[in-house]
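Across the two complexes that follow, subunit A remains constant while its partner is subunit B and subsequently subunit C.
On to the complex of A and B.
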């Protein structure tokens, strides 16, 4: 259907429907960014004017400011933790033949397969049962969130790092070992630099999936320990004004930057 | 967000290592911490929850240790929870069907029509919204569907005097879900189309088949495995959706995932909430496994 073929009514209709569907996916995000700059407090189209005031307002709100900072903190720690747990596991999966390797990679990918609300409920119950038995509170503190978000990030890390490891030319590693490097030195000096783009993408993707998580965090947030998506959810149950659009715009901007960096490290469309 | 397990690059085996003996002893040590983490914080809690789902709820004091199927029986017999399951199933089915019908032209457009310059941009436009978070995307739909929203405005402009109320209706939930799930469908179908042999389409066309016949007799059968995988993925994600039914459906709309949350975190009825969670997960896993088996068995000879 290029220049050679005549543009028929059908092909126009087909192109139009494809673009319409794309607009349906992207449009809402464009609209919410637009609304963040509306001057009037009651959202109506078109706006009477534009302002940056809603961003100030959002930052002055304790729930949003603290939620943003908490999500940032949890996302950073969880993505680093998942990298520390995920790199060795990926090496085992991609470099070693051993019985039970299939089972191990299935277990490591399980947090993606089990529905978020089910995994979140199970973790919440287990942490409360632990609290009843020992008196140590984890659910409702930052530790519960860190555990849940590390769990969310592990499959993404393992998947990306394993894929990078499989693309590395093995003979270079073997040459290093043959020339007298210990396996650890060979890994640090040869393998690690070769998979650096994969590691960068893994950290960024882990951060993003942690930052946007809703279902698992839902059970584990507590008073004064609420992540940004949950703060948005709570606000939306009672209010709808450009403040929420400003908050959404900040989240969209932050994630867009993270994904842009990830895309520069490895092609982003390859991740899915 | 639930990520798509089915459309991810498979974790395949590496080469056979040369010095197997030393490596074999090292592998459990390397994978151990990560595996332990998932076992302790996901698999054991799931086991505990399964056990609790067989306990008996005692109002006022959490629960009583028992070995009863009462919670599952209650779910199947209580008209309220039957209607919750029924609402969840039909909303998911309608959303999935809409995704399949609306997603196919886009997938075809990306795989066959879009030029090399346009295609990466459009792919990003499909993938990026997936990772923006469901709370943000649902907030956007609340703005669009509200009584002063864009959609009401357009309808009022076309038909003056008509005021439509979309918020807190099943239609709003379906619209929100379709918008959230479409990218999964598009990517799954697009990747199957990318791998399908184009020469078959060209042969059919050059032998005189009109476009609609090429579409129904060649293209659709060829991308059926991808379409099926996309349908199962969308259905599973729709069944487990939380933010969309809560925010766009309002308090009168009861679907499975919000009900699990209410029972466990609000009503503190752990045995019943656990049973609900397991029914939800069972449906999810059965569908996922069945589709994987079906796709692999039935379509291997077609897709090569």
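On to the complex of A and C.
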């Protein structure tokens, strides 16, 4: 009887701590979304009423609208660029044994490990050195942002595409080649369709990590080139009203949809 | 259809010779089985013929063409994989038509030939199914149709039946054999299953450690294995080491003198004796040239078969197996029984010790 009680108590404890963790993670998000609809300009609980006005106001703000559009643009271009660079890298890592493969695989995943602010500073210095040597300015232009965000996205792309490639049965590629397809045609006609869910997930996830990046972008934005997270940071320096909550709510919604689609495509929990 | 010629074909991986100088001539329309245990080099040989593994020595000819350095997509071989390897995102017709599409055949002609190809494997109604909707046997027939529709110069079968259950395997085996005969296909089958190889092939090539151990018709290999390895592989379970004498006898290491039909120069060899050729009796008959008495060490009832291990006084153990036919009830033995075993002179063969 004691045994039964102990087991029940234990499982209750586990359940309780699981809910506690979830509350810690989700709680602040719920509050932000709630605040976005408050009628009063000064955040106070409980609100005197509810409105959609802050969403309109956020969109009318140049900083937020331009920031949102720039983040969207950079996110889309960077995720596609990282896919185009990531696919060949993933093929090399998953299909060919070559000296230094482990090293390259580790280096490609390094940006996940290096703190964003360090990576951002490093890239900034590198771009300045490039500018001094060639006279071509990249830092402070949209190109600098695109390079940085592609770098942010590549580890995730490589990770997802490599995992997908490793699951493809090699003999279907051999079957295609045996039937007369060149290796390239076999890859396009047989391998790519087989890993399509992985590619979709890679694009979506790359988009998300680019869309939320703050640290790397901080060094690289220039006049009129402000991404949404930086616009939020700038606004928070001087203001605290539900506009910021409305912007954050849009951001949370967009990310949630992208991650949900990515998970449906490959089942992210199987890869991470 | 074409002939296939392997000349001193080798493949080395680091210090390991996976295939060590295989030479083989396969005639047009001939069905050859590469037979051997895993790691004997049979699959490596097949993959070299398909072009997926580059030989480190020797040459491969298909028809009049030397294809040793020809890339796999230009070889025109039809390969059927053990795991079927159907394209999961294409339907049956798409799979079967893929090779024709790669050859630039027109749409109408592809449709016509795909239909004929599916008819041939009795899957005409399945053209629009996806591979995952088919059973294992159906998938394998699609794979076969896909390989045949391109009219390959040689059909290559890589353990095509090993993922199927026993009954389906026999059906599929007969189907492959009759298609091969009807179309006159030059065919190379890789298998580790000697029954399968004997049932379909015109010629068996038994391989061991990267080399050909014996080539012959199924009957030749079965009746007259040349080495201890081949005899063991095809199921000869009594392999007794000893020395042959010039007087038509063979002296076992354990001392027994066995009468053998063949007279050979004196040398070390192995006596190979099939378990089904041994007669087990309750007492000596005095009628056989080779007759030895001992005790049943173990007796196993296998349903249609009875199996005995008989230990002779010298310690030598013989394995006997015979059909559980009617009338044998009285002569069923148990462990510990004193029995005698006998066999005709011609039943035993002397083979090389490898």
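We take it that the second predicted complex is superposed on the first by the 250 of 272 C-alpha atoms of A that agree within 3 Å, B and C clash if a C-alpha of one lies under 4 Å from a C-alpha of the other, contacts with A are read in each partner's own complex, and residues count from 1 in each chain.
Simple rule for what comes next: a contact is a pair of C-beta atoms (placed from the backbone, for glycine too) under 8 Å apart; a residue touches a chain by one contact, two chains touch by 3 or more.
Only a predicted model underlies this, so the values are computations on that prediction, with no experimental measurement involved.
**Student:** Report clash or fit for the pair subunit B and subunit C bound to subunit A in the combined superposed model.
**Tutor:** Fit - subunit B and subunit C, as placed by superposing on subunit A, sit side by side.
**Student:** Applying the touch criterion given at the start, work out whether A:113 contacts subunit B, subunit C, both or neither, answering first, second, both or neither.
**Tutor:** A:113 contacts subunit B only, not subunit C.
**Student:** Once chain A of both complexes is superposed, is A:174 in touch with subunit B (first), subunit C (second), both, or neither?
**Tutor:** In the superposition, A:174 contacts both subunit B and subunit C.
**Student:** Given the touch rule stated above, what does A:239 touch, subunit B (first), subunit C (second), both, or neither?
**Tutor:** A:239 sits against neither subunit B nor subunit C.
**Student:** Applying the document's definition of touch, where does A:126 land relative to subunit B and subunit C: first, second, both, or neither?
**Tutor:** first
**Student:** In the superposed arrangement, does A:48 touch subunit B (first), subunit C (second), both or neither?
**Tutor:** Neither partner.
**Student:** If you count the residues of subunit A that each partner touches, which comes out higher, subunit B or subunit C?
**Tutor:** B
**Student:** In the overlaid three-chain picture, which partner chain does A:101 touch, first (subunit B) or second (subunit C), both, or neither?
**Tutor:** In the superposition, A:101 contacts subunit B only.
**Student:** For A:194 in the superposed arrangement: first (subunit B), second (subunit C), both or neither?
**Tutor:** The answer is second: A:194 touches subunit C but not subunit B.
**Student:** Aligned on chain A, what is the least Cα gap between subunit B and subunit C? Give it in whole Å.
**Tutor:** 5
**Student:** Touching subunit B in one complex and subunit C in the other: list those residues of subunit A.
**Tutor:** 174.
**Student:** For subunit B, which residues are in contact with subunit A within the complex?
**Tutor:** 1-5, 7-9, 11-18, 20, 23-24, 26-31, 33-35, 37-39, 41-46, 48-49, 52, 102-103, 105-106, 108-109, 112-113, 120, 122-144, 146, 148-150, 153, 178-179, 182-183, 186-187, 211, 236, 240, 242-243, 246-247, 257, 260-261, 264-265, 270, 273-274, 277-278, 280-281, 284-285, 288
**Student:** Quick one: which bits of subunit C touch subunit A in the complex? Just the residue numbers, please.
**Tutor:** 50, 52, 72-79, 81, 83, 85-89, 98-99, 102-103, 143, 146-147, 150
**Student:** For subunit A, which residues are in contact with subunit C within the complex?
**Tutor:** The touching residues are 169, 171-172, 174-183, 185-186, 189-190, 193-194.
**Student:** Going by the contact rule at the top, pick out the subunit A residues touching subunit B in the complex.
**Tutor:** 1, 10, 14-15, 17-18, 21-22, 24-26, 28-29, 31-32, 35, 42-45, 84-86, 88-89, 91-98, 101, 104-105, 107-119, 121-126, 129, 147-148, 150-151, 154-156, 158-159, 162-163, 165-166, 170, 174, 208-209, 211-215, 218-219, 229-230, 232-233, 236-237, 240, 244-245, 248, 251-252, 255-256, 259, 263, 268-272
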